[in-house]
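Pasting the structures here.
What follows is subunit A paired twice: with subunit B in the first complex and subunit C in the second.
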Partner chain A sequence: MTTFSTIQSIQEAWSVRKTGLQDTRRQTIERRERAINLALAKGIPNTRDEEWKYTSLRPLIDRQFDLIDGLRHDGGPVDGSLVARINARLAVNAIPIVFINGRLDLSWPGSEALDSDYFRTLSEAELEEDSTFWDEWQSTQGMDQLFAGINAGLAHEGVVLVLNAEQFLKRPIHIIHLATKDHPNAARINRVVVSVPELADVIVYEEFISMDVLSLKPRVGEWTNSLTQFKLGPKAKCAYYRIVSSPNSFHTGSVTAVLDRDSQLDTFSLAIGSRFARINIDVKFTAPGAECTLDGLYLLQGEEHVDHHTTVDHTVGNCKTNQLYKGILADKGRAVFNGKIYLRKDAQGSEAYQSNKNLLLSSEAEVDTKPQLEIDANDVKATHGAAIGSINPAELFYLRSRCIGEAEATAMLCHGFAEECVMKVKDDDARALLRDRVREWFKLFALTHSPSDPLTTKVIDLAARKILNEEKP
Partner chain B sequence: MLEIKNLHAAVDGKEILSGLNLKVNAGEVHAIMGPNGSGKSTLSKVLAGHPDYTVSSGHIEFEVNLRMKNVLDMAPEERARNGIFLAFQYPVEIPGVPNSAFLKASYNAICKHQGAKEATDEMFGRILIEKCKLLNMDEKFIDREVNVAFSGGEKKRNEILQMAVIQPRLAFLDETDSGLDVDSLRIVAEGVNKLRKKDNAIVLVTHYQRILNYIVPDFVHVLYKGRIIKTGGKELALQIEANGYDQILKEFQN
Partner chain C sequence: MAEIVKENLTDREYKYGFETIIETDQFPMGLSEDVVNKIADKRNDPQFVRDFRLKAYRHWLTLKEPTWADVRYPKIDFQGIRYYSAPKSKPDGATGPASLADIDPELIETFNKLGIPLGEQKRLTGVAIDVVFDSVSVGTSHQEELAAAGVIFCSLTEAIQKHPEIVEKHLGKIVPYKDNYYAALNSAVFTDGSFVYIPKGVRCPLDLSTYFRINAKETGQFERTLIVAEAGSYVSYLEGCTAPMRDENQLHAAVVELITFDDAEIKYSTVQNWYSGDKDGRGGIYNFVTKRGLCQGTNSKISWTQVESGSSITWKYPSVILQGDNSSGEFYSVALTNHRMQADTGTKMVHIGKNTSSRIISKGISCDQSRNTYRGQVKILPSAESARNYSQCDSMLVGDQCTANTHPYLEVKNKSAIVEHEATTSKISGDHIFYMKSRGVDEEGAVSLLLHGFCKEVFKTLPLEFSIEAVKLLEMKLEGSVG
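Moving on to the complex of A and B:
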């Protein structure tokens, strides 16, 4: 058991990991050590740190976790019903890459379709690639942050997708990080790097789930510390759909992306239920003409806490950022949104649109939102805004005047609120999958709420039960 | 089918309706006219059960299964399910909710209320297409979000589409004609006429005589300071159009 509460304990975890890396290249060990040291240089942040003002690390660092070792899943063949349940969640036509409690299972049914032409494991790529390959990933914006650094240092296995120029992956890649109750206190540290060179095109799903989704008493309380990195070449295209649905888990996720000329990155971060989640997304434009969509949705109940920190850096001109983050908060749910967009002095002709909207269903829910647009260029188009509100009474009355009962009307408005964000997703399959996960949240809500809850909760609860009933065969 | 007796109603503590009486029978068309601030929209909202309006005295009764029932005891959705429909002066935009899902929820709420089998997506799709044809409406209405980015005319037509789906016994149209150009007005009015039956009734709340050329009223009422001060036939609307309210108000004040 290890805690991650002090610099010393993280260094100890590193020395354990280092021992396990004896067979790899010396430069890999040095690079990992540099990453750890860079991350630890700033110390462990507390709430006096502006970046951590509304999210205390206490709940995370007070706990003890098992640092998972061993690269591959070694638990023998996986239970067939589990395979069926997980594969039923895959995006249409997607190739699965499944981690079970942090260990990669390459014998997962469906994974055989992966092609070594573009796919390697992290351990393979660390042996094969020299330091120039890895230094590029290491120098990315956001890599000086604590959790990104811990990942770069301690990651025990991961996924390296390097496409060829002009390669178009027809089948999406669906990475599943599965937590089971076999390792309820696992610290899962997995890294994903995706290189999409000139004119290449790929769709990546990354989903963090515990088998407790839809369980009344979630038991899996693992910690996931993920790092997912993208590098887009000229005119490259990539869509990244990120889903966290593990009700009792701790999650620290870092996403970095570097965008070359005329490339396009579409991202969607869906966070459904986490005891503690901090998600950092850092995007940097390095050449003109690129576009980035940053959309997100967080649905919280109980005492869940989800914090999104996004940063988009326009260092060059004529790039475009479009960001919509929305959240529904029930009970004592707590969300943080901090969205920074920098339009540097050379970012002439850039466009940046940012919006964060929150729907509070309980007086005890809390959201801290900080849209932050910093403009040093004079020829740009930029807007930003944030809103926090409850169910709109005019909308509720309109639906009720059309025969729809209060509970159902409330549910329609909540769904509509979430849907406004989901419907922006252009890919039909991705949109359907995200919709499905949103419905899952409503179901979870019904299962975890008793009718004795306060009115607002009861109303949505009734609505959620209606969905459950509808879905019974 | 509708009887309003000595109705007093207020919003934000201010009394707007001060002893209003109105009786509407099946098959009739009524028009309610009146200067700005006379209480026309308040009457519509009180009837539909808007939570911002409070009734201090008087009552509203509506015939349900041949019995007069107290409307004021009913939640807004119960009033609607029992056959009272309000076409909004300013229809509300509901982002993220498709018109089809909204209309299906309305339709099925009534089915359930009446003990009928609820429609599946497929069945309801056919019903909607039929309603669109009846009202000469583009089927693209169905897939759009409720009233979002609709023009003024489209919003009003969407109200009539809802009316066609719900098939109310009493339709209260609150300034459905305002903000419409001549063509839109004709389309909306034709839509309403197609939905008229001998066992349902229509109340038009309007500023202008214009719509009454298309939907001819049996009675015209003048509302002033929260009460109906004069009732006449369709010629009363023409008289108001020609001379304004001054003469009627003078008669009333004397």
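Moving on to the complex of A and C:
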């Protein structure tokens, strides 16, 4: 059992990990040590730290976790019904890569379709690639953050996807991080690295789920620390859909992306369940003409806390950022959104649009939002906006005047609110999958709240039932 | 010839940059408990003020300078500042001149130069004026007329002596000395400022105005303003500031406290034009000000309007605490930065009462190599049922070397609240100017038109004479920046 409450305990965890790495190359150990030291240099942040103003690490660092060791899943063949359940969640035609409690299971049905042409495990890549390969990933923006550093130092296994130039992966890659009841206090630390060179194209799903997505028993949550990195070459295209759906779990995720000339990155972050989640997304434009979409949706209930911190750095001109984050908060949910967009001196001709909208369904819910623009260039188009409110009485009245009951009307408005974000997703399959997960949340909400609850609950309950009815045909 | 023309142009940059040579009564540089006591002695402070100063000073010693603002400057040497400087008056008047007739004619001349005639002609414009020169208040006009209405408008020193019960009740209650570093410093060493008391149900017959000027070298100005608006009263208060041009930086750390009771309203307007340093950022005023209003009564209202066009560094967040039900707060701001000025300014709206509303309109114009940051917080507490906020922050960039940042903080803890924030960025480009020139408007006129359009929402809330002054000020500052 380890806590991650002090610098010292993280260093101890590192020395344990270091012993496990004796078989690998010395430069790997040194590189990992540098990464962890860089992140630890700033200490453990507290709420006086501007980046952590609204999110206290208390709930996470007070808890004890088992640091998972061992690279591969060795629990024997996985139960068939589980395989069926998980594979049913996969995106259309996707190739699964499954981690069970942080250990990679390469024998997972479907994973055999992975081609060694572009796919390697982290441990393989660490043996094969020299330091120039890894230094590049380490030098990207955001790697000095505590949780990115912990991951770069302690990650036990991961996925390395390096495409060839002009390679187009017809089948999306669907990475699933599954938590089972066997390791209720696991600290799962996995890294994903995706390199999309010139004219290549790939779609990546990354989903964090726990077995009790649909069971209602509260249990001690595991901690997932993930680091996902993208590097896009000229005219490369990549879509990344990220789903956190593991109630009661702790989640700290870091995403970094570096975009070259005329490349395009679309990201969607869906957070529909976690006791505590902090997601950092850092995007950097390094050459003109690139475009980035950063969308997200968070649906909170119970005492969940979800914090999104996104940073987009326009260091060059003629790039475009489009960002929309929306959230629905029920019960005692608390959401934090901080979106930073930098338009540096040389970013002339850039466009950046940012918007954050929140719907509060309960008086105990709380939203802290901080959209931020920092502009050093004068020939740019930049806007940002934020809105926080409850169900609009005028909209409700409109629907009621058309003979729709109050509860049902509210449900429709909630759905419409979430849908605005989902319908922006260009890829049909991804959109369907995300929509599916949103429905799942509404269903879960209905199941966990008794029908005698006040209006909001009834509303969501009704919404869920409406969906269940729809699904009957 | 060219030299002369150039000189004239430089002069135009800051026409209030002259220094008035008058005899002053100064303390040596430095700050200690002794100096705080001496200031209290000098001002003949009653015990409660002296205690307040000492508590503040001891607390200040435990604090560290805040660093979170987006401004860069060398560390301030607080021992290198003179904490008391006053124009020398007649030997008998230790607390400042008794009437306008007692004031040094040189000083009157200074104010005439600044366009603030203290004498009778002011009656025509209907503005009662209090002037704070370096550290002390030098004269207040229109006393009789105000007294007839029951309004007390005087220097804080006078108020402490004549109306200690009102001052004691409110001093340091809205901005406690523990509030922040500069508020603590101010609480320890404040030397003068204005005091306004509007009794129940009185609508102040005149617009009140204070004029601040830092004159002496190496002095800091630490004034403190307190405005109390009793139930059902109304007052409009204006404040203007200038300082001479100097190569070294001077510190200005003021505190402004406003309080409104049931149905009362305070409208507070500022045109701040402290010396902002030269082209290379040498000299200028560090303007670190804490301004806060408390809407304590139901249906009360506080409205801040500011035109920030000076100071080398501005660090200022006029805020409103909306405690009374149905109370409302407003913040209108135009902040212009040029050369190497840095402004980190905005507001704070704290909603506590039911049906409270706030409105924030902020316009930032940055030119040359300046930094202009809007930082505003809107906080809706769980008790603020049906609170409403609307914020709009627009930035205009002139030139490609400047910076415009927007940092809104929205914290909502009540579901019935509606909070909206919008921000846009634009620029005055050669195209705009060309378009208007092609329609027969000259370049100056074009810039002025664009400015008017950009700042209209804020300027229309200013009292008329200030609104004209503000536009002129901005036009003057922008000269030569656009093209």
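As a working rule, the second predicted complex is superposed on the first by the 460 of 473 C-alpha atoms of A that agree within 3 Å, B and C clash if a C-alpha of one lies under 4 Å from a C-alpha of the other, contacts with A are read in each partner's own complex, and residues count from 1 in each chain.
Quick note on the criterion: contacts are C-beta pairs under 8 Å (C-beta built on N, C-alpha and C of every residue); 3 or more make two chains touch, one makes a residue touch a chain.
Computed from a prediction, not measured in an experiment: that's the story for all the values here.
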Which partner does A:L361 reach: the first (subunit B), the second (subunit C), both, or neither? second
So in the superposed three-chain picture, is A:E419 touching just subunit B, just subunit C, both, or none of them (first/second/both/neither)? first
Comparison of subunit B and subunit C by subunit A residues contacted: C
Counting only touches as set out at the top, which of subunit B and subunit C does A:E406 meet: first, second, both, neither? first
Applying the document's definition of touch, where does A:F397 land relative to subunit B and subunit C: first, second, both, or neither? first
If you stack the two complexes on chain A, which partner ends up touching A:R85: first (subunit B), second (subunit C), both, or neither? neither
Between subunit B (first) and subunit C (second), which, if any, makes contact with A:R25: first, second, both or neither? neither
Give every residue of subunit A touching subunit C within the complex, in rising order. 50, 54, 345, 348, 358, 360-390
Applying the document's contact rule, which stretches of subunit C touch subunit A when the two form their complex? 68, 382, 395, 397-425, 427, 429
Residue numbers on subunit B that touch subunit A, as the complex places them: 48-51, 75-77, 79-81, 85-86, 88, 91-92, 94-97, 101-102, 105-106, 109-110, 113, 145, 162, 166
So in the complex, which bits of subunit A are touching subunit B? 393-395, 397-406, 408-409, 412-413, 415-421, 423
